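Listed after this line are the structures, all set down as structure tokens.
Same chain, two partners: chain A is paired with chain B first, then with chain C.
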Partner chain A sequence: MRAWWPSLRPMLIALGIALAIGAALMLISGSNPLQAYGQIIVGSLGPNGWAATLSLAIPVIGCALAVSLPLRAGLINLGGEGQLVGGGITAVVVGTYFADLPFPLSLILAIGAAALVGAVIGFVPAIMENKLGVPLLISSLLLSYPIVAVTSFLVRFVLLDKGTGLPQTETLPAAFQMPQFGKVTGALFVLIVIIAVVIVIDRMLPAGFEIRMTGLNRKFSGYSGVAVSRMTLWVMAAGGMIAGVTGALVVTAFPFRFVDGALITPAYVWTGLLAAMLARANPVGAVVAAVFFSALQVGGAAMERETFVPRELSSILQAVIIIVLAGAIALNARKKQKVA
Partner chain B sequence: MTRPLNGGVTAGRPQSAAPGATTVEMRGISKWYSNGVMANDHVDLVLNPGEIHALVGENGAGKSTLMSILCGLEEPTDGEIRLDGQTVSFSSPVSASEAGIGMVHQEFKLFPSLTVAENVAFRAEPTRLGMFLSRREARERVRELADRYRLGVDPNAKVGQLSVGMLQRVEILKALHRDAQVLILDEPTAVLTPQEVDDLFAVLRELRDAGRTIVVVTHKLREVMAFSDRITVLRDGRSIATLTTSETNPAEVAHHMTGRDVDLDGRYNAGSPAGVALRVDGLFVQNELGVMVVSDANFSVRHGEIVGIAGVAGSGQTELIESIAGLGGHSSGVVELDGTDIHQLSAAERRRKGIAYIPEDRRGVGSAVTASVSDNLAMGFHRRAPLRKGWRLDRAAMKRHSADIIEAFGIRVSHAKVEAGTLSGGNLQKVIVGREMSHDSAVLLVDQPTRGVDIGAIENIHGRLRAYRDRGHAIVLTSAELSELFALADRILVMYGGRVVAEYPRADATEAKIGLAMAGITQQTLTGSEETT
Partner chain C sequence: MTEIFDLALLESVMRALTPVLLAALGGLLCEKAGVFNIGLEGFMLVGCFAAVAGSWFGGDAWIGVITAVIAGMLMAAILSFASVTLGADAIIVGIALNLLAVGLTSFLVRTVLGAQGTFQDPALDGLPIFLSQSPLTYLSWALVPIFVVFLRRTVWGFRLQGVGESPSAARSLGVNTKRYQHAAVLASGALCGLAGAQLALGNVVLFSENMTAGRGWVAVVVVMLGQAAPIGTLVAALLFAVTEAVGFRLQGLGLPSQFTTAAPYVITLAALVLVSVRRRTLTVRRARGTNSPAPSGGGATPPVPTDPATRATVSQGENHVS
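Now for the complex of A and B:
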């Protein structure tokens, strides 16, 4: 437990500072910060808000973990969009062409196929780096564009639901719709399994230890006998797999279809990336940060509805938190540097 | 001339009679690091103008800390610094530099793509009247300084092309350019060849004779005795003694450092070699730039034998060892371990087959400085019992594992959870040596095992290497110190220009023969194509 406290502490301090700055801004513009903050909390976590926060948090957490696992090894997975979209469309394709599959085999197959496709999309840039020397950062990012474009084509021309006039696929058969348990979606349980697996890898497995050491010093890791380039492959594949499953979780939730752009516009990938970076790849920290940013977005909308404070304030808050936090982390790193 | 110091009590350099005659007094200096380590405990240090002052002590005694305080990198928890009687406090290296105190760090902070003059003048341009003027002036001033102190540095040379010894001089020039009256060098000789060491001290003498004060931190008593005027000994963060060099001897200094009698010469005792453990046949190694760094190396090392490799820096020793470990550039040839060819195997597979390796670059390669000591010690052991229990890592076993090595090698660390990077240089080396020697590997490759390590620890590491050999392991050893090779090796190979040019059994080896071979001059030709300069 002690291990994640140090990565959480600067977050809490940054949060305090950011809230103070936000309060100052609101006081200047003549609104009541206590009321506004109250609305953010009630709006995001209260009886009418938590379900919305949860449904946003699920993809954001998934994307955060898809980044945090490779980031632990010092690899930046910028290919989240391609992996997410690739996973989502795969689940829809499975739902369309294997429509007769019974539940739960239907969902298992859809999610499994999405995982596989996500893993391949994560794997490709890694192999390009190993074999051709193309930097992972660039290839993972660039690979997303053709994937998003091909998906868009599939949605608009091949799988289009012609009845609605919108660029979206037909509704998935009932067997491919994630069951609800009251207000809680089954996707949450899938996600909890993923979180648990990532934490177990990170904290308990010899492989997780190697990943962490590689992230801290690649040369040391190679010298110690870790096959670093092979690790790059499977860590990126694992990251892609998580993103792919996340894509499947989104399309198998309401409205149970692939709406073109619906996985991109809410910026799940980038919010998740941010959460993972701020938590310095610590999976627990990444999950906490992902939930927090989701709550802030949902709560910000509620605040706008209930008070006169514009929603942009929650964006400002988010920005301030990030800047303060980045500063705190940089300062921390500098303090630790040994002189001679 | 009186400039205010940033944030501290102000004290200009007084316009005293002899320019640059600054007396430095550090009184009752204490330093607690945030992790609870007390690195300095009421240390007193007095530096007279015009002396070379050696600061010695075991690893972790607090030498670097004390010098970081003097040059403004760290703030003392307690105590005061006086310059010519006036109390000062430095909030940063800039304010220390303005008061005339300069430090040459072990890791140089230079821009490789700029010239010497540009590096020296960086952030201290002589005038603020436009770039051209200051550049030309800087070049002139650098040339003048370099000439005056016979530094032999060309102001127009690109820093990226200079040798380590020259880089160090650029750092010295940087300090002189900022008018440092007190020049601090932390382990300056660790990275130098014997010739470069002599040259460096010639420069330092010149500076001393011009009235400047020099502080040298070093572990090498030979240097201390040869070049210093006075010696201050630290032990466990306290100043134990200040000695006048001409009135003391190495044994006394060593005794002050360790609190016990140290066997300084580390007597060689012969091993009893058995069958061949490692055989290298026709090994060629190319580095990343495609340059052949090892050519046609042929030799073997037997179980229970230490083979030393001598050679001036850059003769291919490090590359040879790296290549045997399965790292480094592209190679061809035969490398056999106990009769099986391992040349095609990866570094990981070679380790599993029985090769352990203590690398030269301890921060870049041998450790993860931001990981804990415990994690650093666990690396390489984490995939087998007892650290691995079933499918997971056993934290308790990890703890025991690190506690055992810390104990056995006398690593000074408050807790195994501290970051390895906060350890003193010598203690970090002990972490690496301890980890690698805890493997039961047939072959141990050792590159510069005691660089920056204190005399007590050298004695300890040498003893352990001999014991490791006597348990039937084969050891390949390189060292910049001939004395180290003579203390350990049962056989000495000499490398020159990437080739093994000579081989001497311990009984036949003399410093003179090896010295000649290191310069490429041999009668005995192993490889058939003798190199001449």
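Now for the complex of A and C:
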């Protein structure tokens, strides 16, 4: 208990303050906070809610891991949208032009291609930072705009399903649809493999130690022989790869097509980013935080249906948690310094 | 070509320029004070909402402008308290503030203005227009020379730069560095508030969810491109504005909107790459103590400096999480 309590305490404080601010907002706008928070819990974890929470959690966990790997090394990957969308459209392109592939091969190829494209999109900002000195934070973000735009163009003009009148591609062939095992989707298994690989790298391999050391002190890590710029390349490529696979998992799930904006509007990437920050880039923590934030989002939608409090309350709570947490962590560090 | 370039284009360039320039001037102050402020996007979005809400309930666009400035400063106060007073990571707080702004404005547009997504009303008072531009546009132009004089000719300006360049030296000379940093961040909030007011009451007269659409991020890049100098920042912001305006025009001529809306971000990124490459080669030359051009072709490429000092010229905080 002692080992994780100190790192959990600021999180609980942050959660408490966020809930208080949310309650104040609701009181001002004339709603009952207790009722609203009750609806969030019932709506996200109750009999009708948990399945929705899980299905939202799959892409959010993917995005959280995609950010947490670079974040562990002190790098902020803001290009998640480009990587996610790039992976999604790649899977659809594979499904459209190699429609005759037999079942397991079809999905393996689609996900593999999505992983590759995601990795390349993650790699570009890393190489720009290493070779040209362009800050990764900014270039990864700016790169997303053209990728999202090109994808939107492909969906609306090249791959469009003309029959529906909506900006979406045609339904993927059956071989490219993620199979269900009872109530559980196959995407969950892919995700579990990703989680396992990230945890193994983080906990057991020397690379994981080097990443963490770099995150704690980049200069020191470089002096002690870690090839920091090479690490930047591969953690960003790996992060992009995870985001790309996540994109493929979204489009190969119901409704089995790429709907323009469907990967952006639910804010998978930003929820995942905040989850990774909440967990301070710890992969296990990132998964837990991603499930927590997914529950908050699903619960928020339920709350909106029941109480007229807008669902955006969930996004407000998430952001406030992170801001307070960042402050609390800084305050703790300062206290420790004074004691020492 | 005449279809693309005319007086109307110039006007739309100016409209595109004003919000980005105002926000970038705010970012410039923070950069000078050594605070990497990436919350400009969020400050501006809150400014947009506050401007519309203020104008709607106050019945006058100028009341909207004042509420926008106050709201921008309130957002900035969160950043300055967390990062300057407590010492929290400004990048993490900035990103969270941007997401907070999206959630908060979407929440408030529904609870306060009772609209879903977009609030628009003929009775909503917009900014007055003189010679096809809003007063805030003229203000933004006036601010550029004022910033030049402030930074080069005033004691406060010198001290502000000292705080960013060498905080310990500034402290040893008796400068209260934190006070300058607070002031810079709060001023950036006020400027972003003005930027938001221009966007929501000048360029258009409405509020819609996430209407800043990345302009605050562009402002962050513009400060880097302009190397945190007022004139440089103006030129860099102009580059963005011209691309956006030409893009709109080309869209009118039938180019798919997907390409024209993404173009300003691509051009901004490309410019950032060019400037970074140029700065890097200059640093290498200076490090060698020669002024001769770097050898091209054949032989080893010049060693690229990886020291933090070179990187710090690109951005103060960069992307390290502590």
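Structural remarks
Keep this in mind: the second predicted complex is superposed on the first by the 284 of 340 C-alpha atoms of A that agree within 3 Å, B and C clash if a C-alpha of one lies under 4 Å from a C-alpha of the other, contacts with A are read in each partner's own complex, and residues count from 1 in each chain.
In this text, a residue touches a chain if its C-beta (ideal position, glycine included) is under 8 Å from a C-beta of that chain, and two chains touch if they have at least 3 such contacts.
The shown structure was predicted, so the numbers you read here are calculated from the model rather than taken from an experiment.
Greater residue coverage of chain A by touch, when chain B is weighed against chain C, goes to C. Contact with chain B, but none with chain C, is seen for A:A227 once the two complexes are overlaid on the shared chain.
By the touch criterion defined above, A:K219 reaches both chain B and chain C.
By the touch criterion defined above, A:M204 lies against chain B but remains apart from chain C after alignment on the C-alpha atoms of chain A. Of the two partner chains, neither chain B nor chain C is touched by A:P255. Contacts of A:P104 after superposition on the shared chain: neither chain B nor chain C is touched.
Residues common to the contacts of chain A with chain B and with chain C across the two structures: 219, 222. Looking at the complex, you find that chain B touches chain A at residues 34, 64, 67-68, 73-74, 105-107, 186-187, 325, 327, 346-348, 351-352, 357, 359, 364-371, 375, 378-380, 382-383, 387-388, 391-393, 419, 421-422, 425.
Interface of chain A with chain B (complex): residues 204-206, 209-210, 212-213, 216-217, 219-227, 335-340. Across the complex, chain C is touched by residues 25, 29, 71, 74-76, 78, 128, 131-139, 141-143, 145-146, 148-150, 152-153, 156-157, 215, 218-219, 222, 229, 270, 273-274, 277, 281, 310, 312-316, 318-320, 322-323, 326-327, 329-331, 333-334 of chain A.
Against chain A, the residues of chain C that register as touching in their complex are 38, 78, 81-82, 86-89, 91-93, 95-97, 99-100, 102-104, 106-107, 110-112, 214, 217, 220-221, 224, 256, 258-259, 261-262, 265-266, 268-269, 272-273, 276-277, 279-280, 304, 306, 308, 310-311, 314-315, 318-321.
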